[in-house]
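Sharing a structure, written as structure tokens. Questions coming.
A, B and C label the chains in the order they appear, each numbered from 1.
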Amino acid sequence: MYALQWKEKVCATCPSADCLLKCQYISFARHDEAHGEMMKVVRGEDSRVLHECATCYACEEYCKRGNHPFYLISERREERGMFTAPRPITNQWKNMTQMQGKYMVGQVKDKALSCCFIPDLGILGTGEIFKDVASAVAFGAEFMCPAVHTHFARMSVIKERLPIVIENFVKLGVKEVICLHDECYGTFTAIASAYGIDVPFKPVYYMDFLLSRMKEMKDRIKPLGIKAAYQRPCSNRLIPDKHPLVKEILDLIGVELPNREYQGENCLCCGEILRSVSGYKLADDVQERNLNDMVQTGAEYCVFNCPACQSSLSEKVAKKGLKPVHIIDLCKMALGEKERGVR
Amino acid sequence: MTYAHTIEHAEIVHRCFRCGYCKFPSDYVDFNCPSYKAFGWDTYSPGGRMWLIRAWLNDEIKSSPHFAEILYSCVACDNCKNQCVFPKFRDFLPDIFQETKAELVNDGRIPPEVRDYFKAIAISGNPYKLPQSERGKWAEGTGLQPYTNQEYLFYAGCVGSYDEVGQKMARSVGKLLSDAGISAGILGSEEACDGSEVKVLGEMGLFTKLAQENIGQFKAKGIKKIITLDPHALNVFKKDYPKLGGEFRVFHYTEILAGLIKDKKIALTNYPVKVTYHDPCYLGRHNQIYGPPREILKAIPGVELVEMHRNALNAFCCGGGGGNFFTDILGTGEDSAGRVRVREARDTRARIVAVACPSCAKMLSDAVKTEGLEDTLEVLGIAEIIERARAK
Amino acid sequence: MSDILKALIEIVGERGVSNTPEELWFYSRDPGVLTPHLPDYVVAPRTTEEVRKIVLLANREKIPVVPMGNGMSLTGLVIPLKGGIVLDMKRMNKILEVNAMARYAVVEGGTSQGVLKAYLQEHYPQLRHSIPDAPPTTTIAANAALHGQGRLTQQYGFNSEMVTGLEVVLPTGEVCLIGSPSLGPYWFSRGPTMPDLSALFLGWLGTTGIITKIGLRLYPNKKIRDVELFVTDRVDLIPDILYKLTHLEILEDVNVWFQPKPLMFQGNFHITLYFTGDTEEEIAFKRRMVWDALQEYMDSKDGGFMSVQYMKEMLMEMPQRGIADFADVPKGGGFEYSGPITIIEHFPQYAAKVVELAAKYDVLYASSARLISGGHCMMFSISFAFNRNDPAMMTRVKHALDEATAFALEMGGIPWKPNFMEQKMIMEKMDKNALKLLQMIKNNLDPQGIMNPGNWEVNS
């Protein structure tokens, strides 16, 4: 069985304890308090972190010393038989994402277009941008990154299923897997490496793909001339080096990204997981702050990266007067493939 | 389970729950299966048919004139296919009905009206038993020329060629096409029946023969694109001819006219009138063409388009489909489809019911008379309405 | 042609009678598992007068009359167990009146649920009726005749309790108005303050007369409806959870369901909670109340709210079309359910029984309970699907259902829409003097025993 590769010494000597000091959901008075709690987690002792962490993934980004605080928290919770979300919800996710042979694979040669287990991604991965890879779709639980189970502190599910998912891609004979979901890319890179799991193909982040395709079609782009607030998803915290791509892509298609409070490292969760883990009060509060912050930028659109964020926030964003749109659809709009203002 | 009779989709027949969702449109406002609406027995509903077909396959009921009437009163409107709650088999409902009719044809147990229809087509090439030489007469004065190697073939079909109401419709379309400079020719006395109704009535041998001959002729003449007057022809050309090797690009005339109007190739003046549009089943539900006829009507200055309660996917059939236009098995009673439909049109307070199919034109015109609505409601083809609004 | 056929044609015309093998075959059965029995005639009246004449004829000739809506009660209640006439009521489908201010509608005896729903939606969008999740072709009168339940039953009781007046053709042919319409033009009360005669026809499954007109309460149709889905894996908590939820007095409808397939539903009990409001604030307030009421189960990790996004459209439909889908799980066109009415406390025992029976008889189950009148009781459905082409499976389903009914009676529950065998079991168990009363009523109302005979056979 794979194990989290954890460098205890690195934590022990950490001067910042940023992982917890920056946490948006647990407050600590000082460095030593935060550091002390983290060390309890490291040593396998009980800590308020294990009870209060909202599973936002952010400490994975805050730690700049190469450790994986959030995976560790999840490991420790599972060791103690703890549940983040209610037990029936946790089990439901496990059952729902179980491999049952109901997957779909297109004409895959050396490249596959991974749609995870999210039907909406299949619709996004089409058109001129994806014309060479759209037919190479891989979709279903068999190809789904199991990262979501970190929210539920069930790292065992990840350790059990991730190698099978990787094997399933290997069986397709692919050299490259283009991941339409941040979580997949984050899993094949960040999580796999943290657990020492070998990934024998090259994971390609869809925004890298998108950017290069848009550059190739540069002369077809009609700049959109709009302002959009960006909803950064939790799984982007696993791959913070990829965050700047959003601005690059939006620049290219003439979309202004106004500054707002909850952006970059300070971005807020879409709220869906918070709702199951902590209840509606926290979720409503986070969503309300996040949306009001979007509104005050004067943005016309709310641009999404993750389809799960999009489905949880679309209706609410629209009620606030913003148009919800996925970044791929924005690109399609800039190419004239899609009408403005539609999902 | 082994059956006494066989049809291709026999293994699905027992899966109908007879729940009756298929009797309705999606908002349940009224019965939307024309044969159930007209006869009122559950046996005439889609689910009833399914159950009876199973009983018949099992030899629990025998072929009989009544069983044949039940099957032949289905107007192939496809409402049931869209409304059945079982996505895994609902697409096959119309196939099952057609396959059963084909078996009845094989057994020779079909209603006399149906037999007469087949006979007329086989002998005269059209249901009206009129001479083939008169088939192209309707086109006189339209400016349409015989097909040589124009871009499009304009295919009029039996109703457009021979029926008085159909001819009027064909002429108005033909004139617009030629006036707008569309490169289209007709086959005239060389045109043959498309076989759509022959197929839906279950005479597969005759259908295959007609289709193959048409395909041969179209290919020999180098025809690549076809504009049809009749949505039934459109449907059979699009869906069945390719299986027999006939791949053509097929358009309904309203698609072409909508393009011409959009491109301002037909000049229009004010024509102030309230119009409602009746979706032909074969254009709408069968081929999902809902937009172009409406775009045309909306483009005419002065025309106010009002929808009937049941429209588009939920439109109620005129009663002419499934060969009923010729066999008249639904009859003309109070709850027959055409009469129900014109009453629905009347309720919109429109002056004109716009139609896009020659069978609908005829069925609804007759129903307007039966209902005594001649003074309030006029049935007109889309092209005839354009004609009234054309800048002179 | 027989004299009876001639007489029937005289009453309803050629198109209103059939005795061809096709109609007789079809009207001899329903979609459930009971054995069919052929009728002699199928008759479809259009007016009360026609119904009256048919009943007089049946009296004269001593032939059974079986009123039928859409036959979707599934328990053989419209199978003509002793032949005779099946009376297809669906051509009597008019909506006669809506009194918006007094909030009631009057419809004919064969008017379907779907047509009333569409009519209200178009003409009285501020009003609604308690629509059941049965297919929309099913009829309002039949639903009352069998004490059905609908979307507003958790708030206002059985759909039969919403009846505000009846016009009935008695088994002896008299046309009888029940309730306020017997005194004046208004259909607002089924009985009170007089003796409530409507009880002579509701729950009697067409054995005491034919409903030709029915008045029905309508209720406010709020602008917004919303839904939450609470799940728990601890069946023992369900009664308490339901108690807390009903205490709120804000829920439109509450359904508790569990099923082994698809996998995502396995192991959990799902509580679908509907609530309504005229403003977003009202909705948000009600949602908060619901969440707060169940917070303790979230804290203990025993239960939580699942995201409904992907199921919302399906859950919001009225009727919920997806329910019929269960019939096709074994690729076979059928399911049947036993739906005892019971107290909520017994949920865990019933739930265990469903699973036990499904295993014992090797059949597929699904179960859904609907709360009635703020939790005074519930309808607990024990549903088994079958493949219509597999007679052995149908027999197993039948046995499983029989056993479910025996269990319900043992538990002090009341079988709902009982088939003729279950009716016998009920009568055997019931208080002897109550049975006597039942006999007195039935024998007096239907001296010839012609109304849906085989059902509520009080004398055997």
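Everything below uses one rule, namely that a residue touches a chain if its C-beta (ideal position, glycine included) is under 8 Å from a C-beta of that chain, and two chains touch if they have at least 3 such contacts.
Owing to the predicted nature of the structure, the values given are computational and were not obtained by experimental measurement.
*Asks:* Make each chain a node and each touching pair an edge, then name the shape: line, ring, star, complete, other.
*Replies:* If you draw each chain as a dot and join those that touch, you get an open line.
*Asks:* By Cα centroids, which chain is closest to the centre of the whole protein?
*Replies:* The most central chain, going by mean C-alpha position, is C.
*Asks:* Whole-Å distance, chain B centre to chain C centre, using C-alpha means?
*Replies:* Chain B and chain C have C-alpha centres separated by 40 Å.
*Asks:* Averaged over CA atoms, how far is the centre of chain A from the centre of chain B? Could you give it in whole Å?
*Replies:* Computed value for the inter-centroid distance: 52 Å.
*Asks:* From the mean C-alpha coordinate of chain A to that of chain C, what's the distance rounded to whole Å?
*Replies:* For chain A versus chain C, the centre distance works out to 47 Å.
*Asks:* Identify all positions of chain C at which a residue touches two or more other chains, and write them in rising order.
*Replies:* none
*Asks:* Two-or-more-chain contact residues of chain A, please, as numbers and ranges.
*Replies:* In chain A, nothing touches at least two other chains.
*Asks:* Give the list of chain A residues in touch with chain C in this complex.
*Replies:* Within the complex, chain A touches chain C at residues 83, 85-89, 91-92, 95-96, 98, 100, 272, 275-276, 279-280, 311-312, 319.
*Asks:* Which of the residues in chain C end up touching chain B in this complex?
*Replies:* Touching chain B from chain C are residues 15, 18, 20-23, 25-27, 31, 42, 44, 70-72, 88, 90-91, 112-115, 117-119, 121-122, 135-137, 321-322, 324-325, 327-328, 331-334, 387-389.
*Asks:* Touching chain A in the complex: which residues of chain C?
*Replies:* Against chain A, chain C makes touches at 231-233, 263-268, 280, 287-288, 291, 295, 297-298, 301-307, 309-310.
*Asks:* Can you check the complex and tell me which residues of chain B touch chain C?
*Replies:* Its residues touching chain C are 1, 14-21, 23-24, 27-30, 39-43, 48, 51-52, 55, 60-62, 64, 66-67, 70, 85-86, 88-89, 309, 333.
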